[in-house]
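One structure is given here, and the rest of the page talks about it.
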């Protein structure tokens, strides 16, 4: 069986690459999907549909275009990894976690120890909390092994 | 028809009271539900099940006890109001919004203008963005009127 | 058993009143719900959240506020009556019919004979086609009688 | 990942071909599906099952045969494009949009600016509003790119 | 808790009355629902919508009007009793049983021993096979008792 | 797209072969599935699990083994063809039709004109009524054509 | 809001009474439901339908009659308490827990410390592990308090 | 069609190998999946995420990591085989059976005659009870044969 794993959250460090390369180097049967990770492109996702004078509606249009992608990929994945970094609000990561929880879709959080408390609800509905990409790769290896 | 409205998010201002009183004074057919709003009690929700030496597991236990309540009430509500204030990370509010989005449950966000950009995904899946409790009451009045 | 019947579509004739009065005069166990039927108020449903300079976004905001109501009521109803009159595009009526079809929610169309052909897909998924409010009331009487 | 995109609505202009060719020329991982687009054949879809003397039942039979196709393809698609042109009532397009909305299936509307107002409910539940096939292709390109 | 029990199938003997009276005389917390049991009225359920020259379409129209009732009541019931008598084809009873099976709705069949073999698939998905109305009442009594 | 079509009902005529050969000769993108059609083998499906002294339980065991197959294939199919012949009770065919109806799975009935009336509920929930295998093949051809 | 709490598992100690009395004495808005707790009656639940010579089929018949009750009540409850005592296999308690897990229905396990290891999967999907009925009552009190 | 069969339960005998080899030697179109069957590895599945001082939380972490695998595979399988041996509590096997039952996923139990009574609820919701791996292979052969 091929597993589909969605990578959600922080876009300012290379955690996605570390997980994808770790999985690849071990030959794991995993296909990775992800939200758009180019911050500028993501903010401008709706611009092709026409310019907006209001920041709210420009954001709104782009958010919906991005959601076509993220919603479909979340609904199709077998597992999500949700990463919280140390910059920005990252409400979209928490939103994705809630989305998974409501669908009964398993997810693993990936974050440092210092944000355990504010993330307690998000961690409470997760299947695991990892602190490093290497740990995530180890879990993927364990979970995907054939009988 | 009686509407059930869930009040999610910030617990450090009186926005819940303003909405509940506004709805009551107008005689709207709305029953309000909410997560626990006593911060200390919420953090200690799992303590009755035994003490924990690890902060992670104490938080985990309490988060799950709180989720019995919040998950049930979210699944039963007809509409959620999700409030983002100006303190703390408030990842649980974003988590609730994602939970609603996955269930196809309508929600309204309530926040100031200065956090439009970080909330764009959360607002993108919302049915409305309000800036004041009064606006929320007006929407409730409009939505719940009988034919 | 109390039946909940949603009245969707045309707002420029008194078909809703005819059905509601017909059902009432016969003492049928039916509670009626409906989208907002005041055209002006419906177009302005989102104005309380702030003015918009663009027609598209004003319509968008109001449509979403209206959808909080219509989506909830459609999901809760046992049966919908979808009325197509002879004015305007009435795409929202066809939209509601499709919404019902996808949910497996039974609906009855109410329209004149001259629009049979353009409504064939909408009628094809309906449980009945009626031409007068009196016929709808007769169907409601038959459907709701106790054993 | 291969995306399945359903093309719904107007059959009197070549917007389907423009989108399919645009996607093909850019090598996008998209498979397109569609309702039958031959108007005569669509109206006659049920004739093989026997002639009908009543127009209503002839339309009814054909609509149901067409629905075998459209319902299955809508349920399987990842995204729908719903096109409203300037001729006919096009209630089937609005019906398809409502069908998608109830399933939580994302859709993009494609129509000119002059019908914004009558389409406000349909647009309100859409993920985007496009005015040209080129814009749709751009969105498809953005949405389907690999991480 | 109040149980809703749907009585499906044969309309030419008084098995419904026996079960309803048995439940009533024991004070069981059960509300009974049923398809229309007046054969003539059931066949004519669609006639109010206009006469049909074709037997197929007259039956079709009436069947759909009847289905508004039966489908809703089946989806709402907690348990169905499906009765097969010794006359007619009774395909609608088997249809109702299959409908329940697909929804995961428990049902009890009520029929004589001589039709065990042709009913084996219908009985195979049932929760029990009863031969008399008295047995059904006994099961209802057992199932609905409070803790 | 490859369509999966389930063939349900009568096992004493060669209608399945006619449909499968018709579809094959036209190169239609259809994979056919079916319940077991060997009457003896079907009745004995549970015998490998041990002999039963009671006819009811022998039938019960075999019916459940058969249901592993039929239930899975029905849930996976895109369309079912439900055939009623002129022998036996054929309650399993009506059961399969009800199963499809509850899942919102489209089905076509295939039967002669003389049983229109007893099949009215089954036909009422069907997408089409065909009288010959050739008609079914024509519908399949129409439904499965590529855009 | 009134909460419905299902009490599953061990029937040889008075834990149900302790929880029900604790909740009652505190005036909690909870309605309790439960499987049948009379062991003899539960084993004989199907006997009214006729005697069986085989132990397997007698058990089978009774289990299915019991399941009419337990399945309905589990699907309707807001929360389940699953109790594992120190006697018998209690596979039905673990079965109920798995049933809840698949439905996304929250449950609390109630058992002593010495069976933590064999119950790890059951506890892993639970919202809380309690060791005494008093703890369960405290959780119910916390979870059901009004805003 | 390729069938996916999940093998749940006892890990201390070679029943999985017998079924897999039996299916392979007969060329059946079956892909087998399974929970992790290495007892030590399963207990240590969460250790990579950090050591725990409490047995409960070590078990909890490992159970959740294991559940990522088992939950996904159960939800994807077409059929589960649930084996109860003569050692240990095996509550996870009963849990998996309940999980399948709630999803409407067919399963076959595999166990000796002496535990019929304690397994009556688990067997009551099963599609078959087998006593040997050879019987399971025979059922798989019957169920998976092409039309």
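By letter and in written order, the chains are A, B, C, D, E, F, G and H; residue numbering begins at 1 in each of them.
The definition used in the following text is that a residue touches a chain if its C-beta (ideal position, glycine included) is under 8 Å from a C-beta of that chain, and two chains touch if they have at least 3 such contacts.
Predicted, not measured: the structure shown is a model, and the values here were computed from it.
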{"item": "Most remote chain, CA-based centroid, reference being chain G", "value": "D"}
{"item": "Copy pair chain F, chain H: interface residue numbering same or different (half cut)", "value": "different"}
{"item": "Rounded Å distance, chain D centre to chain G centre (Cα mean)", "value": "49"}
{"item": "Averaged-CA centre spacing for the pair chain D and chain A, given as whole angstrom", "value": "31"}
{"item": "Euclidean distance of C-alpha centroids - chain E vs chain H, Å", "value": "37"}
{"item": "Residue list for chain H, restricted to those that touch at least two other chains", "value": "64, 67, 129"}
{"item": "Complex contacts: residues of chain G adjacent to chain E", "value": "7, 16, 20, 31-34, 36-37, 41, 45-46, 48-50, 61, 64-65, 67-69, 71-73, 76"}
{"item": "Contacting residues of chain F [partner chain G, same complex]", "value": "52-54, 57"}
{"item": "Chain C partner contacts - residues on chain B that touch it in the complex", "value": "1, 3, 78-79, 106, 108, 127-131, 135, 138-139, 142-145, 147"}
{"item": "Complex contact set, residues of chain C against chain D", "value": "55-56, 59-60, 62-64, 66-67, 70, 84, 88-103, 113, 115-125, 129"}
